[in-house]
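Okay, so here's the structure we're looking at.
The letters A, B and C name the chains in turn, as written, and every chain counts its residues from 1.
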Amino acid sequence: MTSLVIEARGLRRDFAISKRIGRFRRQRSVVTAVDGIDLQIEAGEMLGYLGPNGAGKSTTIKMFTGVLRPTAGHLRVCGLVPVTQRRQLARQIGVVFGQRSQLWWDLPLRDSFELARHIWRVPPADHAARLARFVRELDLSFLDTPVRQLSLGQRMRAELTIALLHGPRVVFLDEPTIGLDVLSKQAVRAFLTELRDRGDTTVVLTTHDLSDIERLCRRLVVIDHGRVVHDGTLESLHARYGSRRAVVATLEEPLAEPVRLPGVDLVQSSADGRVLTFSLDGSRTPAGQLVATLAALGSLRDISIAEPAIEDVIARLYAGTA
Amino acid sequence: MNVAFVSSRVRVEVATAVALARAGFRRYATYRQATLAAAATNSVFGFLRCFVLLAVAAADPATPTAGYTAEQLALYTWVSQALIGVVALWGWTDLSDRIRTGDVVSDLLRPIHPVLSYLYVDFGRAAYAALTRFVVPIAVGALAFSLYVPRQPATYPLFVLSVLLAVVVTFAARYLVNAVGFWLLDTRGVLMAWTVGTTLLTGLAFPVQFIPGWLPTVIWVATPFPSMMQAPLDVIVERGSSLSLVAEVAGQTAWAAVLLGLCWLVQRRATAKLVVQGG
Amino acid sequence: MAYRASFAIDLAVNAFVPLLDVATVIVLFQVTPDIGGFGADEVLVMFGLSALCFALADVAVGQIEKIRIFVRTGLMDAVLARPLSALGQLLCADLPLRKVSRVAVAFVILVVAVARAPIELTPARLALLIVAPVAGAVLFGAIFVATATVAFWWIDSGEFANALTYGGRDFTSFPVTVYGRVFRYLFAYGLGFAFVSYYPTLALLGRSDPLGAPAVLAWSSPVVAVPAALVASVIWRFGVRRYRSTGS
């Protein structure tokens, strides 16, 4: 009995594009949106799914949820074949798609949750307990407001709730924090952290918000042009792409001689030479060694070491595979 | 097949149906002003149609017209206006709207058959209409005219059954008309055919029996339209023999089964198309 | 080219509308020789006239229905902000040319009906045949504008406006003699619908009104159309002013 919740081998999806040329002729071409993806996701993981626009992220998610038939490859989600066993699979998954809503538009939010209880056949006690928990964790103080009148932040929290209300084994979140105000974003992030720590739900989180990834996901899958280009931790991503950290040193007096260490570049110097900004490649020179060197060379008054910006490594990764 | 399992599944399904029907009821209950305006409009048209049909009958007061006496025709027109809202002959675009916006994909992500979920909601809608748009025109008609009063006690439950079937038949037909949007962007031809059928062949503008010759029989057998309104109308005015009325209701049952079956088939095709092309 | 094909479909679809209605009249006469004291050919004249008046009004003023959408979406404010007649803007926003096919079909029906009916065409009657459709269209147009103006105040009233507009069309398709007294006073005289098709048809047929109205009334549809238009424009202006001041 495998604990693999999602198992994809050689997953492929082609789209037939028909373009009109001139007045009568049509040019048919095939666009491969997903080009042989291998992915194995264990129960309880929270996985960040990244990629530039058009990389094939939503296409993959649609195939996982059964609303898109793969062109080729092996795919099992919760042990089921998504497209052919869609309704059965729907009982075990939860979905939050950015533009699409799973809520009933004209009715108070409370009614959507009641309907979900029936449609997903949730035992009343479980439903009540889970709903109480979500109301508390996501601050759902607007249960009696018609869904049509909810703000985006409120609606997102409601979508999360309805996706998780039936206790699915895996939940797919497509850009859950996009466009949210700061408070809502925090609430959602805290909620997802709780969810991850509880460990009973597998989460596939698609997002462009890299701080989401940093805070929530231990595992990161980056896809580009339909292929997986990285599958591992954030650290391994930094290591692989030689991410650099910014080190800002404030000195009593300018340095007598420049710092010469492998992987250390002086990026910026203030006019009086007292505030120096270095770009540090941690794999070649540890940060501690740079600090010690600076202290030895001059009178070090203050130092700050920043984490490598995830935006940088992602941008470089996207650019590198372009 | 374990009996306990089957009965518990049935219970769960019924609970789901009731929950969705309640949602439909509550949704339409929020449109109070529009419902009132619609009921008032139905009442005005009730007057217009009733006077005309009474004038038709008045040419030869002694003989029933195509099997309807004047009082039967009066009741007929008022109940027909009352039923328009209950079966929702026009104006239902829930499915075609969702197809256009792409929201229909969300329907696929729920563990319930789309046709069933729309049907249950429609029951709720019909229930609300039965309490509002059905009652008002009949009350107005009864006050303004002397309406035929059904004599047989069996008529009333048969009428309720016939209306229920009419709701199902009309729902399924509407669903199919909406579902055309899965394949065609331009549905004007289909919509015009629907308008023609629902105006001329449902018994709304005139009883189908007014049409001369064997055409009425063809219309009954070959189209679902009389099963949408003509059948319950004939039942409530007690036109003809009990046998013919039971036959009409049986015809409704057959059409309900056929159309629901078509809905199921069309939905399967549509889903296959969606998953191939991409939601 | 695709646009032209689409427009052709629009025209065809719209052509069906008066055909549906005339089918109803024809079917009714399958089961009776007489409606309200008038025979099939006579009622068809009434129907043809009614259909033509309505179709003309629909093309000219039918767009006013859109006002509900304008008010709901707030576009009305943009319209009122411009230094042009609000009514003019609404009507010209999108001239429903596709409805012209309704006018054409209704015209054909009227011509056929007049040919079949026992009408002695005198110059006066010919003039009436030209004036009556216009006068009737003005009357329907006035009803359209007045009921649409109420949409300013009661957004969901659109449904009920149909009772007076489409109801009016149904009303004028048949002789006024079929309707009960109260209803008749309301629609035929109160709203003036009797002047659209009933009275002109009486004049064309050379029949006297079974209801006993003086013969001159049969010829006076133009006289009634003018005050109707005035009343409608007053209602419209009042509605716009009220909307402007309350903003809702």
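Remarks
Please note the rule applied: a contact is a pair of C-beta atoms (placed from the backbone, for glycine too) under 8 Å apart; a residue touches a chain by one contact, two chains touch by 3 or more.
Worth saying up front: this structure is predicted, and the values here are computed from it rather than measured.
Chain B has the C-alpha centroid lying closest to the overall centroid of all protein C-alpha atoms shown. Among the remaining chains, the Cα-based centre furthest from that of chain B is the centre of A. Each chain gets a centre from the mean of its Cα atoms; for chain A and chain B, those two points are 48 Å apart. Centre-to-centre spacing of chain A and chain C amounts to 61 Å, using the average Cα coordinate of each chain. A separation of 30 Å divides the Cα centre of chain B from that of chain C. Interface residues of chain C facing chain B in the complex, by the touch rule stated above, are 6, 9-10, 13, 16, 20, 23-24, 27-28, 30-36, 154-160, 162-164, 167, 170-171, 174, 177-180, 183.
Contacts from chain A toward chain B in the complex involve residues 15, 59, 62, 65-69, 83, 86-88, 90-91, 95, 97, 100-102, 104, 106-107, 111, 114-115, 117-121.
Remark: chain B residues 12, 15-16, 19-20, 23, 26-27, 30, 102-103, 105-106, 108-113, 117, 274-276, 278-279 touch chain A in the complex.
By the touch criterion given at the top, residues 31, 33-34, 37-38, 40-41, 44-45, 47-49, 51-52, 54-57, 59-60, 65-66, 144, 186, 188-189, 191-192, 195-196, 199-200, 205-206, 210-212 of chain B touch chain C in their complex.
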